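Order as written gives the chain letters A, B, C and D; numbering starts at 1 within each chain.
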C-alpha cells in the first residue's frame, strides 16, 4: 500500500519513557512470568539429582546454597515471584472488573509491596551465606 | 533528526508585500475594534515573516515529524522546528495550522472539525496519543513534539494510513441487527433508560484510532481486532434491542483468537481515549460474558 | 463465522484456565516459599527432609498439583505471549508443539521425582 | 474511469442517507468523499431532530412552525414534505439502532426547542449528529456500498450546451488525495451533491475546516442557480479561538453576558430590555458585535458569558459538557472565570436550487443537505430542522436518482415565466470570473463550461473524459508554478473581509467594500501557487482549490445581501430595518452564466397542500 517509512524500534521500547503504568505492569508481568517458567525448568532439573541418590541431592542443594550468587539470585527470584503474584492478583481483579479506576495505583502498590517484602526477607535469605 | 527551519523564507517576502497592501485597504473605514484587530494581525504577520527569533512576546518551539516518500530531502524522516507565538487557548492543532500557514504550506496533517468530534487529528504529542484540537499547548511541556500515530504506516508527515483501522472496525459487523421488527407503524423499539445508559459511553467513539495506536498487543498482532472495534461490538452486544440470540452471535464474533482474548489489560487504550470510553472495562466485560456463555453450553 | 461445535475453542478456555491456575498458584506458591525459605531454610534442605515431607500424601498431592498447574500456567503464558506478538501459521503450530512437549516432559519428570522422594519409586 | 449508477458526493448525513436510499432502489451506488464519512461535520450537531411522532403533535404544526421560523421565505411544498416525511425517517434511524435518549416507557425522548409549538426535537444526548452520522455509516457498511474516501471531487462532468437548462451531468472528476491521481467517475443515472456547509467563507465559524462549499460552487459554475445565499445564520455564543459552539443552554439556565466594562449590556444598552440574554440568536449576536465595535469588547474581539453565579452544583449537574468545552478548546475553567464568546457563522440557509425531489436545473444533477436549498429554512433555520432535512431530502434525492417515481415536483427550477430580473444592482466592481485574456488556461478554472466554442459535447463518456482533461490541466497549472501567492493568505483576507462586512451586521458600504475585497482576492488568485510538489496527500493543493470555491460563494452571499434591502430572518440591513413583504416575498437567485453572475428573483410559494400560509409578524 503506502511506501511508508518504518520508524522501527522508536515505536516500541525506545519509547519506554512514555510508557504508562498499565504498560509497565504488562512488561514486568511478562518478564517475571518468563523468569518463573525458566526457573521452574531449572528447579526440576536440579531436584532431579534426587533420582541418582540421596547424597547427590543433598550435596547439590547444599552446594548451591553455599554460593553467594545463588543466594542473591534467590532474592531476585523472590522479588520476581512476589511481583508476579501481586500483579497477578491485580490482574485477576481487573478480569473481574473490580477496581478498574485504580489500576495504576494498584500497580504502584504491587511494586512497593514487592520491595518491602524483598527487603524484609533479605536477612533470612542471606543467613549463613557468608 | 535535523532541526532546521524550512526553506520558505525567500518566498514569504513577496507574499508579505501583497498582504500588506490588501490589509491596508481593508482597514479603511473600518470600526475602531476592527482597526485594532487589523493592526494586531499586521504585526503578527510581520513578526513571523523572518526567523522564529523575531517573534515578539512569548513563543514556544514546535517539533514536527516530517516525511514524504517522494520529495527529495523529506524521504529520510526528520524533525522540523517551528517557533509559534503563545496565545491563550491555543491548541496543538492551532499551532500546527499556524506553522503550516505561516512557514511551510507543505506541512501535512488531517483535521476538520476542530472540536473533537471528527477524529481526524489523533497525533502522538509529547509521547502520548491525543487529539491535536483537544490539547491545550499550556498543558504541555516544551518543546512540543508532534509525531504521527505510532504503529501505523506513515503516508506523509503526520498523516497515517487508517485502512487497517477501518478494516478492523468493519470486521465486527458494526451495524444494528435486530431479530424482529417492532409491531405497528412508526413504532420504536423500546429500550430502558438503564440500557441506553449502559451503552452510552461505547457509542461515543469517533474512530480516531488513538487507542489502537497505543496498544502494544495491536502493534504486535496485526489481526487483533483492537480496542475500538471490540468496543463497537460491545455497543451492539449490550444493546437490549438486538435480542438474546443476536447477543450470543456477537459474543461468538468476539470470542475468537484475535478477538477479546488478545487483550492483556494494558489500559493504554483507556488512558488515551479522547472520549473517555472505559475500553478495558468493556473488553473485560465481554471476556466474562463470553466465558459465561461458553460455560452454559458445558 | 464458522459454526462452532465445541464451546471452548477460541481462546476463552486457555484464558479462563490461566486465571484459575493463577488463583490456585497464589495460595500454593506462597505456601511453598514460606515452607522452604522461612520455615525450613533452603540451605538446610536435605534429601531426608524432602523425603519426609513428600511421604505425606496430602503434601505430595498438593505438590504434584502445584507442578501441573504451574507448568500449565507458565507454558500457556509463554504461548499467549508469543501469540500476542503475532505468531501465526506453521510457526505457531510448531511453537505450540514444542511447548506442549516441553510442558509434558517437565510435568512428567517432576511427577516422577515426587514419587521418588515419596519413596514409591 | 469508474462507473456507477448513482454517485453521491459527500459522506455526511445527507450523502449517506441518499446512498442508502438509492441502494434500496436497486442502484449501484458509490460515495465519493474528501473526508472519510465518519469525519463529516454532521457529527458536530448536538441538539436534535424535529419530528412530529407523538400524540398531540402533527406534521402540520411542524410545518407551520417552520414556515413562521423561515420568516415566510420557505416554500410550502418543501416545508410540508419535510414535516410529513420526518417522522418516518426519524423512526427509521431508531430502527437502524440509533441510541436516542429514552423516556421511562422506553420510547425515544423529545425536548422543546426554540420556535417550536410542541417539544418535538428528538435527541440522543448532546451528540445527536454524531449518532446520526455513525448509524447511517453503519448501514452503508452493512449494505456494502462502495466508498471512495479521501477522494476530492474537483469538478462536475456536465455537457457544454449553451443554455444551462439543456445541460446534463454525467459524472464528476475526482482527485485521489493519497496518490494524486485525477480520475473520472461516470454516473449512469445521477450525481447527488451532499457536500455540506460553507462556513469557511468566514474566519469564525462553528463549521469544520472542510466545510468549504465545494458542491455549491461547482454546481453554480456548472450553471445551476444559487438560491437565497445571503441568509447566513450566526450563533451568538461560540468560543473565540476555535468557534466551538457553547449551547444556548447556558443562557437558558441563567448565564449572563458582560462587556469589557463589566456591564450587562443586553439591558444596559437596551438591546433587549425584556428578554435580555435570552433574546433570539440574531439579536444577541448583533448586540455583541455592537459592543465590540464600540470598543467595549474584551481584547476588541469578544464579550464574556458568565455562569459562575449558578454555582458549581447546578453547573456540573446540567452544563457539565460546557465545562469540558471551555477547558479543552479555550483553556478556561468556567467555574472560576467567565467564558469568552463571540458570534460565529453557523449555518447557510441558501444553496443549490433544488425541488422536493432533490433535482437541480441540470439533468442528472441532484443536491441535498446543507449545500442545497429546497427552501425549507427560508431566511432563518429553526434549531433541529437541519438534521431532518438531511434524512428527508437525502432519501428523496437518492430514490429519485435511482429511478423511483416520487411524483411531479411543485417547486420550479430555473427561470420560469414568474421570475423577475434584477438589473439595477449597483456594484462597485464587476463580479464574476476574471477574464482569461489570452487563450491560456486560467488557473482558477473559470472556463469550466463551453470553453472552446466548438460543437457541444453531449456523449456521456466524452463529457467525463473532457472534464478529466480539464482538471488535469488545471491541477498541472497550479502545481507547476514555483512562486506566487499562498492560498492561505488569500483565504485569510477573504474570510476577514466577510467577517467584517457581511456578518450579522450589514450595511451598504460594508457590503460594497466586501465586493471590492473579493474582487481583489479573485484577481490575486490568478497568481496563486502550490508550494508542495508532492503527489502524496497534498493538502496544499486541495486547500488551494477549495479557496477558489470560497471566493465564488463569498461573492454570491455578498451580492444577495446587497440586493436584499430589507430585514428578514437572519439578514439584517442597517438602512432597512423592517421586513418588506410587498417587495421581498421572493427568493434571491444567482446564476453564474459562464462567469458573469446574474441576479434574478423567484416568488416564494406560500400555498400548501390544503392551506395558504399568511405572513405574520414573527414574534415569540
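Keep this in mind: a contact is a pair of C-beta atoms (placed from the backbone, for glycine too) under 8 Å apart; a residue touches a chain by one contact, two chains touch by 3 or more.
Each chain and its UniProt protein: A = Succinate dehydrogenase, cytochrome b556 subunit; B = Succinate dehydrogenase/fumarate reductase iron-sulfur subunit; C = Succinate dehydrogenase hydrophobic membrane anchor subunit; D = succinate dehydrogenase.
Every value quoted in this text rests on a predicted model; they were computed, and no experiment measured them.
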item: Partner chains that chain C and chain D have in common; value: B
item: Fewest hops from chain A to chain D - one hop per pair of touching chains; value: 2
item: Chain A and chain C, separation of their C-alpha mean positions in angstrom; value: 16
item: Geometric centre distance via CA averages, chain B-chain A, whole Å; value: 37
item: Length of the line joining the C-alpha centres of chain B and chain C, rounded to whole Å; value: 44
item: Chain centre separation (chain B, chain D; CA means) in Å; value: 25
item: Interface hub residues of chain C, defined as touching at least two other chains; value: none
item: Contacts with 2+ other chains: residues of chain D; value: 178
item: Touching two or more other chains - residues of chain B; value: 69, 155, 264, 287
item: Chain-to-chain touches, reported pairwise for every pair that qualifies; value: A-B, A-C, B-C, B-D
item: Chain B-touching residues of chain D, taken from the complex the two chains share; value: 35-36, 38-41, 43-44, 53, 87-88, 91, 94-97, 99-108, 125, 127, 129-131, 134-135, 138-139, 141-142, 178, 208-210, 239-245, 292-295, 297, 300-301, 325, 328-332, 483, 485-489, 492-493, 496-497, 500, 509, 513, 516-517, 520-521, 524, 530-540
item: Chain C-touching residues of chain B, taken from the complex the two chains share; value: 217, 220-224, 252-253, 255-257, 259, 261-262, 264, 287, 290-291, 293-295, 297-298
item: Contact set on chain B toward chain A in their complex; value: 67, 69, 75, 77, 127-128, 150-151, 153-155, 161, 163, 216, 219, 264-268, 270-271, 278, 280-281, 284-285, 287-288
item: Touching residues (chain side chain A, partner chain B) in the complex; value: 1-5, 7, 11-12, 15, 17-18, 20-23, 25-26, 91, 94-97, 100, 103-104
item: Residues of chain B that touch chain D when the two form their complex; value: 8, 11, 14-15, 18-19, 22-23, 25-26, 29-34, 36-37, 41, 68-71, 87-91, 94, 100-101, 104-106, 108-120, 133-134, 136, 138, 155-157, 159, 162, 166, 170, 174-176, 178, 181-182, 186-193, 196, 199-200, 203-204, 206-207, 236, 239, 241-242
